[in-house]
Amino acid sequence: QKQERQIGDTTSIRTLIPESKQGLLKNVSMIANMNYAFRNEFVDGAYTQSRFKNEQFRLEIRGQVHEKVFFRFRDRYTRAQTSESLDNLSRSVDLAHIRVDINSRWSISAGKMCADWGAWEFDWNPIDIYEYSDIVEYADNFLSGVGFTYTPSAKNQWTFQILDSRTKTFEELYGTQPNYTASKAPLAFVSNWRGSLFDGKLKTIWSYSLFNEAQDLSGRSANMNYIALGNEFNFFPRFRFIYDFKWSDERLDRTGIVSQTIPDDLFPYSVSNTVYIGHWINLRYIVSQKVHLTFVGMLDIANWNNSFNDPENLTGEQNIRNAWGFIPAVEVYPWSNLNFRFFANWVGRVYDYSDYAQNRFGAQNSTTGRFTVGFITPLGIF
Amino acid sequence: QKQERQIGDTTSIRTLIPESKQGLLKNVSMIANMNYAFRNEFVDGAYTQSRFKNEQFRLEIRGQVHEKVFFRFRDRYTRAQTSESLDNLSRSVDLAHIRVDINSRWSISAGKMCADWGAWEFDWNPIDIYEYSDIVEYADNFLSGVGFTYTPSAKNQWTFQILDSRTKTFEELYGTQPNYTASKAPLAFVSNWRGSLFDGKLKTIWSYSLFNEAQDLSGRSANMNYIALGNEFNFFPRFRFIYDFKWSDERLDRTGIVSQTIPDDLFPYSVSNTVYIGHWINLRYIVSQKVHLTFVGMLDIANWNNSFNDPENLTGEQNIRNAWGFIPAVEVYPWSNLNFRFFANWVGRVYDYSDYAQNRFGAQNSTTGRFTVGFITPLGIF
Amino acid sequence: QKQERQIGDTTSIRTLIPESKQGLLKNVSMIANMNYAFRNEFVDGAYTQSRFKNEQFRLEIRGQVHEKVFFRFRDRYTRAQTSESLDNLSRSVDLAHIRVDINSRWSISAGKMCADWGAWEFDWNPIDIYEYSDIVEYADNFLSGVGFTYTPSAKNQWTFQILDSRTKTFEELYGTQPNYTASKAPLAFVSNWRGSLFDGKLKTIWSYSLFNEAQDLSGRSANMNYIALGNEFNFFPRFRFIYDFKWSDERLDRTGIVSQTIPDDLFPYSVSNTVYIGHWINLRYIVSQKVHLTFVGMLDIANWNNSFNDPENLTGEQNIRNAWGFIPAVEVYPWSNLNFRFFANWVGRVYDYSDYAQNRFGAQNSTTGRFTVGFITPLGIF
């Protein structure tokens, strides 16, 4: 018998595999999550460039690998493979976790996973998003930790997670902070309720998250609080409406849009006391099984509550910018037995800075747009 | 029912997979493309070093994933994983595309794919190449775009592709150009004819490509034109002869051999008006089913048509260098039911610079060689 | 018939796959090697931080792909993907090799593989190691080369390997050496005996390795010699005891602990004549099938035999540091049909520097510890 090195004692224990691998295989899938597009890009109304772009390419392996154990792994090929200083795993890896199903109601997950602070936008497969709203775009959405899920019925699901609050060190993320020191237990606590009300006519994903990131010099915690309230309305057979509300109160600017707007010669690190508020709507009208019309509208408001400390802030203005987005799209599903769609859309963004941000920080309003045609598919390889 | 996050709505549509995955699996393959060798290296006739080298290791997944959809993905583990500035995908990823078969004659491909500017050398699996000729070696062979293929019969196939002409930005590739500005639509247009004539005794891969990369200050396009004419002759049962002719006319030096020869203190960016001409022959003599003898000969000519502008170019010489290559090899196929061969070869290269390049740019003639033993296999994992 | 590019002539030869892929598949496995943990870390007795960490995540594909050919590939997602200067393959790739089984006694391996200089600690799957001893931790354990294995009976196995002695260039590894030049054939020669004596009550992994890395200015080889003697004792049904002895004599400091202790302003490159000695014991007490108690103890001694040349070394002290480790752990296996365990452990380390190292190099003694809970599994995906 030839023996390979560093194989581990799988033979003595794993009698499951050799006999029933055939059967087991049916429950494991490999998926190529693709969003591929030809983009025609505009800045401030002027055409700038055309190009083919692999918007998303994430290879995924998932499935039931044991009666009680589910496995999921997803890796992006649009980001460098690294070794992160806090959780050790590559930043290109979205997911690398197991889920143990204790019984039909309780399960435990461990590993790198989706932080469950979704409203609907974040809960979707990334390939379904033409452009993320600011708060989701700038967040660290895949974190290592442990999660507990309780599913008392098909109508309600409760999740509670304890996660690393970041993948990098405090200094890498926030710069050298003069007034804050890193937390010794930089954890995020996430709670989530998924409801299905009125026979599924209203579906919710509501979550509240607390990030314990740092303390100030007097020892008080400098936390981040995040609330997301996602609501899906299915009152008409062919029409779906979703409204997500997001509110992020950040003692240290984690989202970073405010800190990026402020020039480094003023504050070469993340500033304090920012608040981000997001509104996101999604409409889908099913013209026929093959043709759907969709529209996404979004508004992200970035405020700096500490701006009153700025002696040159004469008006007390706290708003830094409002970012608008609107994405009308046509989607065509050519096959009834494959989740595959061609799409054409317009992605319009308007970045509207406050007078304070313009005068004090030199921020400039701008618009971007792109007309895109492409395809989206979570392509099942096996 | 436990629900994972960011999974996408595959359940409602993809009825194909759960029922017939067993059958589907037969059409999907994973392949480890390996070229592994022990090299003994020589420079200018002197022995320099010996080492084991993973010449090629490209993992590939491909297959029919739906009645109408073919998928192919190939990633190298001999190159860093990145996120490219133009097409977003890692440079280590050769292929990440789908092919939709509209009918038996027409198909459309979209994603990152082989640019179809082959003659025979480029059309082969990279593991079959002991050393690429200059023009192929320095080209960006895997690009994102869309392709159309028309196959009227087994004797002819026509392909037309529109591709990003590069994966990086103009500045990353050509340096800061004083006389050219980047094209807003940096696309490559590729047309290709594959023919099988005289009962397959003559097989052709002929292509013409146009790259739209830049314009000069007066607004005229600065294109690259590339012609490759590949011809395979099978007039004898045990003997195959291939001749590839390649001709690349580059308004901006894309191949880069000329620009690399010119020191940066003269021109710290890619120069104008280069022409590369390649001749490549391949002979294979099948001694027996288990033993093959092969020989590759190649000559790549690098010319700088703009050299007359150089006031110190007194002779009007345009040639910069001629690079010769000759690779005799013995290949042994131990098994009739596995595409696996051991090989031993000699890879000889002669780099012969013109008097102009030697005197003006300090270029020096050199030869390299290596005696190599190893194995080649596109190993089917499943 | 649609033909993809760069596919290679697999169709004409590989008749094996289409017909018997179903059967073949049973012999190929994909494994997610995971060691995932929540760590509470201490330095010099003081609590420093808590975090979830993906200690190990290595995806593996292995199996019999042909009657005579075995394939194995393993890649880590906790390290950047690179292209190494010597063997070309990414450093994140542990394994990428084939094994050809000539007959029941002889086999040949080629590719990137485990250097077979194991004693028991190194021979295990990395997920089974809570913390490596110094000599193994600092070694380059995965190298490209070729290996021969002779297995006359179930009681004895002999392996001989010829490997690249490193994956990087001499300068990258050792710095600019004033007194040594790189070997032209930087190879490692590894011989290994695995024995099973007294009905398996004593199992051995004994190895001797010679690294040919450099020569000094007078032309004499500057080799590294490494001996590892692993001994596993199974005299009681519920109790296993292992003792590994390691001894590494390095003309040029490959392990590097001594060179790292010496400040760069003294010697900004790897020093000469270091010796590392390692003792490692492992105890396992099987309380029940589901509960195991384990203990690891280790001592790594780092000596600098050249220290007598240091005029400020008045005592002739050669010892630089002794590093102790002790790891008590509880392991719980919840399922009898899956190799999966939860664990809780304490990983204690003591770094004890000699008076010479403290006074001359400013080295400081320290202790680290962590209390960890997590899980370990070589999870079979298919």
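When the chains are written out, they are named A, B and C in that same order, and each has its own residue count from 1.
The rule is short, and it goes like this: a residue touches a chain if its C-beta (ideal position, glycine included) is under 8 Å from a C-beta of that chain, and two chains touch if they have at least 3 such contacts.
Keep in mind that what you see is a predicted model, and the values were worked out from it rather than measured.
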When each step joins two chains that touch, the fewest steps from subunit A to subunit C total 1
Does the subunit A and subunit B pair touch with the same residues on each side or with different residues, judged by whether over half of the numbers are shared?
different
Subunit A to subunit B: how many Å between their CA centres?
37
Flagged in subunit C as touching 2+ other chains are 25, 80-81, 92
Enumerate the contact residues on subunit A facing subunit B in the complex.
22, 25-26, 29-34, 36, 38, 47-55, 57, 59, 62, 70, 72, 77-81, 92, 94, 99, 101, 107, 113-114, 116, 118, 123-128, 149, 151, 154, 157, 333, 335-340, 374-375, 377-382
For a test of understanding, state which residues of subunit C touch subunit B in their complex under the given definition.
1-10, 13-18, 21-22, 24-25, 28, 61, 63, 65-66, 68-69, 71, 73, 75, 80-83, 86-90, 92-93, 96, 98, 110-112, 144-146, 163-164, 184-187
